[in-house]
Amino acid sequence: MWQGFQIRPDQASTIAQGVDYLYYFLTAIDLFFTAVIFLTIVYFALRYRRRSEQDQPKQIEGSLPLEIAWILIPLGICVVVFLWGTSLFIRNSRPPAASTEIFVVGKQWMWKLQHPEGVEEINELHVPVNQPIKLTMTSEDVIHDFSVPAFRVKKDVVPGMYTTLWFQATKTGRFDLYCDQYCGTNHSLMRGEVIVMEPTEYEQWLSGGIRGGTMAQSGAKLYDQMACITCHGTGKGPSLTGIYGKPVKLSDGKTVVADDAYLRESVLYPSAKIVEGYRPIMPTFKGQVTEEQLLQLIAYIKSLSSQEGKASK
Amino acid sequence: MATAGENLDTRVHYLNANYGIKSWLLTTDHKRIAILYMASITFFFLVGGIAAVLIRIHLIEPNGAIFEPATYNKLFSMHGIIMVFFFLIPSIPAVLGNFLVPMMVGARDLAFPKLNLLSWYIFMTGGLLTLYSVVWGGVDTGWTFYTPLSTTYVNTNVLSAAFGVFIAGFSSILTGLNFVVTIHKMRAPGMTWFRMPLFLWSIYATSIIFILGTPVLAITLVLVALERIFHVGIFDPAVGGDPILFQHLFWFYSHPAVYIMVLPAMGVVSELIPCFARKRIFGYSFVAFSSVAIAVVSFLVWGHHMFLSGQSVYAGIIFSALSFAVAIPSAIKVFNWTATLYKGSISFQAPMLYALGFIGLFTMGGLTGLFLATLAVDTHVHDTYFVVAHFHYIMVGGAVMGYLGGIHFWWPKITGRLYPDGWARLAAAIIFIGFNLTFFPQYMVGYLGMPRRYAIYPPKFQVLNVMSSAGASILAVGYAIPLVYLIWSMRYGPVAGPNPWGAKGLEWETPSPPPTENFEEIPVVTEEAYAYGAKEV
Amino acid sequence: MADSHAASPLAHQFEDLEQQQEAASLGMWVFLATEVMFFGGLFAGYTIYRNLYPPGFEAGSHMLNVTIGAINTAVLICSSLTMALAVRAAQMGKRNALVTFLILTTALGLAFVLIKLTLEWRHDYLEGLAPGLNFTFAGPDAKSLELFFCFYFIMTGVHALHMMVGVGVLSVLLVQAWKGHFGPNHFNAVETAGLYWHFVDIVWIFLFPLLYLIGGRY
Amino acid sequence: MQDHLVPKSLYFLIFGSLMALTALTTGMAYVDMGQWNTIVALIIAGCKATLVALFFMHLRWSPRLMRVVLLSALLWLAILISLTTTDFFSRDWTPIPEGWEESSLVRPPIPPGNLISQVLKPSLHRYLSALGVPPRASSS
């Protein structure tokens, strides 16, 4: 029964160890102060127990030096822990540029994952070991939460916005993936596995799984089906070539960067931000495209930029 | 109630001043209203407790021992809603606060007695409405009512449950208002701010939270209801609304609400420790101001519930730093209580055991709060059983221990009779042990990654869950014992006399049970609080 | 207990009239503090969305009728004046003046709500601007405009509800004043009701620019 | 304090000022001041509210306690609004980790001397523009 009894999950990512060290440090502080309080109370309780009903102990009002000491010592510890925890957190908040981007859509009650090459998975995520992976996540319905304890990463998956999370696995194997934000009836069944593979195996697995072309190819197909080109290719609407990641000037004089969130908004709510020099004629595609298709469209628009970048070089 | 006594009826007191259902339901006497609250919240505690027992039985099996996930979800939502809004929040303020605040300040009643009775009726209206909706049909959003789940996706009694909580909120507001005005305006001659018992300081701090926090929850629930009925879109991403705004507004109240639960318990402990150590409290003004500091700082830290919610990284850093600030006043209190014991004359009657238990459990609960304020560690343990364990240490280990300690301490004053001390000590010990056995394993299973609110969980977490459930059965026994002997003592307990513990404070200078007007004549205060041994010096 | 003292203006739990007066007025101020936070939740939401979607909010604001808004503001300020004069009459023990001013205040309060209801909400509803009921606006910024109207209806609705509660309280006071219930030593109820009434006025003083004037009208 | 009898003329003076300010704020809405329209309107509203509170609500003659109650409510309101907006307007604003390795860099490491010009300033500008205040440098 006690065999394999753990006090921590596997350390399977580059940040797991750092988090665990901080956890141990906090546990040590916790145990130390708990011990101090418990032992002092027990000692006082025995040493100063009431020996007769007539006991009238000498009164002590307090002690300023002691008060200052037990304000400053916890304060010092808090500052150390805060700085330590925050620096780790900041590091975990910004994915490295070289990350492979995988798209995650949460819906009641499953995880849908799409690799850039177009492979789609449900409740299973295959990733190569020792490579930074960036997850761009959104939800089709309620708030979910993508959590992999072995990687010590977790992030809410919120409808209407993109959240990101990144990790770099250091061990091959299968690791549990949970939905940590209560999301309705089958919340506890919204689980899966992250399968970390050697890069060569991963390539093999990928090539076996490609069905409908890459994300960008699927996006291109959609782009065709929905006849986006009738406006965006004719000058009626702004050209989409090379806009990804670039600033766009809007009709109200403001400038926004054409990132995932902006593109998503422009498909769903075209009138929200009108590009300067164009009329608000685009119909909304809300209800006509799913969150996955949106991600494919964005991948396609993104690919238009990289192609252009290559061409200009 | 305590009518057929040995010699309690020889004089007129608040319990025998008049009889009959009407004399209770229409009373404006703060002491009787306190007893009305005590009966109501005991009832709600039993309902919430039954839910807790069922939850723990269910979790013995990884696949769920008794319920479908849908039922389990309703069960933990019911447990959370009932326990938070209808037991913990009113527990000490509405019961002990109502009974003691006027007596401690040396007044005949609260400033607005009719308003006080109204608060109880509001509380019961909200409570019964919520109870109806969580028992018949149920709610499965959890006590947090997160949008858009609660507004769009679930098909259960969200509206009526939220409406019940909304109504009960006004009871909190009016109670807090009554306390603040009473403490400001009704103090007896000579009762200066720095002569007040620390219980009053903590009730005052709690009232600040009631007054300034509860209305935000009220308006948030109104918005949730409008959103659910009309789909107006304030929290709906489809219209450009942001579900995270709901979390901001919700936690703006609900984080300070944790301190509504634990601050009064701290106040109780600050009364018990000096009495049973026969010592003045160590560092009176530090303990007093730390209560107010906790109340203020508690409003600055709500974002630590949202580190991973899509809230900005910068806001997360700010909230993390502010969250650590709460640790300081909490630490001040724990150290000062411990120092009060030094060179005291310590007796171990039941209330003292609860107080010492409170210090132990609150220390453990508070220190694990540091884990959750630390961004990187919270990233791992957020929404796992680690959080569940942490807040049960604070709310059950802290607030409920404090409540029971206070009930045991003032029981002779409330009823005029003593309970069997041996049984009470036994119950305190069983509760302390049972509590730790229940919730300590949850810290461990939480760090291993088990998410909260899971009806079905991976088998690898089973050992710790079985341990927790086993501990819960001990805890349940511990809670059942006081219920029996306290009810027994109301009729058969020995007569207590005005001051069975040799305690200081105005409430002990009047007979037990006190007369309706509390004091024969309004007392004049001439000494500091906790003037133990003052005459000798 | 309390009932035995009902005839005398001093309730049993107080030592003297001054303590009772101070308690009543402090109680009302504390209650107003909760009201600040109650509206505060709405103001917080408004601030965020107004800054996230300025064009939609400004366009929405432009669809409201400033003249009616300004007239209503004036009505409320008049009612605040009559309320203040009512309290003054109560302080001086002038029963007839008190009754007159209470009637005026109640009437002005009702006028405010009626103007709101018939000239504004009804109009907005007919224009198809009521989110959740018949929101049919389809121009640019439709979705943030809908958010603006959410806030418009909820904020003015909650405010009007407070007005109605105030009108109810004042009607009760009116009856009591008519019966000669109040005197120079016994006008707490009028005073605290006055505080409430002025507070509701202040809320409107902020709602008026936030809803009607943002973004300018030029 | 309740016994303080305010002269009728003062009430009418306050009433007059409130009406004048209402007219002023309505009139100002027709003057193009850009971002300042809202700010001016709010300042006028603040003045009106202060007048009502001080004179109609007798705050001017009330004990300090009442003012403390009111001010703490406003302080709490400020806490609610400011901390919530802090989140909303720094959403796309992620700090750069210290010692971020070159191999996996989003952008090259910034020499400490340029920290202000390359990190703090643009961030501040973005923050201000999110709040609706156009930063001076980024116009045109």
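Going by the order they are written in, the chains are A, B, C and D; count residues from 1 in each one.
In the analysis below, a residue touches a chain if its C-beta (ideal position, glycine included) is under 8 Å from a C-beta of that chain, and two chains touch if they have at least 3 such contacts.
Predicted model, so just to flag it, every value in this text is computed and none were measured.
A.B. asks: Which chain lies at the heart of the structure, taking centres as C-alpha averages?
C.D. replies: Centre-most chain by C-alpha means: B.
A.B. asks: Identify the chain pair joined by the greatest number of C-beta pairs in contact.
C.D. replies: A-B
A.B. asks: Report the inter-chain centroid distance for subunit B and subunit D in whole angstrom, where each centroid is the mean of the CA atoms.
C.D. replies: About 36 Å separates the centre of subunit B from that of subunit D.
A.B. asks: When the C-alpha atoms of subunit A and subunit D are each averaged to a single point, how far apart are the two points in Å?
C.D. replies: 33
A.B. asks: Residues of subunit C touching 2+ other chains?
C.D. replies: 22, 26, 30, 33-34, 37, 40-41, 44, 48, 52-54, 143-144 - these are the residues of subunit C that touch more than one other chain.
A.B. asks: Quick check on subunit D: which residues sit in contact with 2+ other chains?
C.D. replies: Answer for subunit D, listing residues that touch two or more other chains: 65, 72-73, 76, 80, 84, 88, 92, 94-95.
A.B. asks: Would you pick out the residues of subunit B that each touch at least 2 other chains?
C.D. replies: 184, 212, 216, 240, 242, 244-245, 248-249, 252, 310, 313, 317
A.B. asks: Which positions of subunit D touch subunit B when the two form their complex?
C.D. replies: 65, 72-73, 76, 79-80, 83-84, 86-88, 90-95
A.B. asks: Would you tell me which residues of subunit C are touching subunit D in their complex?
C.D. replies: Touch list, subunit C to subunit D: 21-22, 25-26, 29-30, 32-34, 36-37, 40-41, 43-44, 47-48, 51-52, 54, 66, 70, 73-74, 77-78, 80-81, 83-85, 88, 91-92, 187-188, 191, 194-195, 198-199, 201-202, 205-206, 208-210, 212-218.
A.B. asks: Tell me, which parts of subunit A touch subunit C in their complex?
C.D. replies: 252, 269, 271-272, 274, 280
A.B. asks: For the complex, which residues does subunit A have touching subunit B?
C.D. replies: Contact set of subunit A toward subunit B: 1, 5-9, 15, 18-19, 22-23, 26, 29-30, 33-34, 37-38, 40-41, 44-45, 48-51, 55-63, 66-67, 70-71, 74-75, 78-79, 81-82, 84-86, 88-90, 92-93, 108, 141-143, 145, 147, 149-150, 152-156, 158-161, 163, 176, 178-189, 191, 269, 272, 286.
A.B. asks: Along subunit B, where are the residues that touch subunit C in the complex?
C.D. replies: Going through subunit B, the ones touching subunit C are 28-29, 102, 107-114, 173, 177-178, 180-181, 184-186, 211-216, 218-220, 222-223, 226, 229-234, 239-242, 245, 248-249, 252, 516-517, 522.
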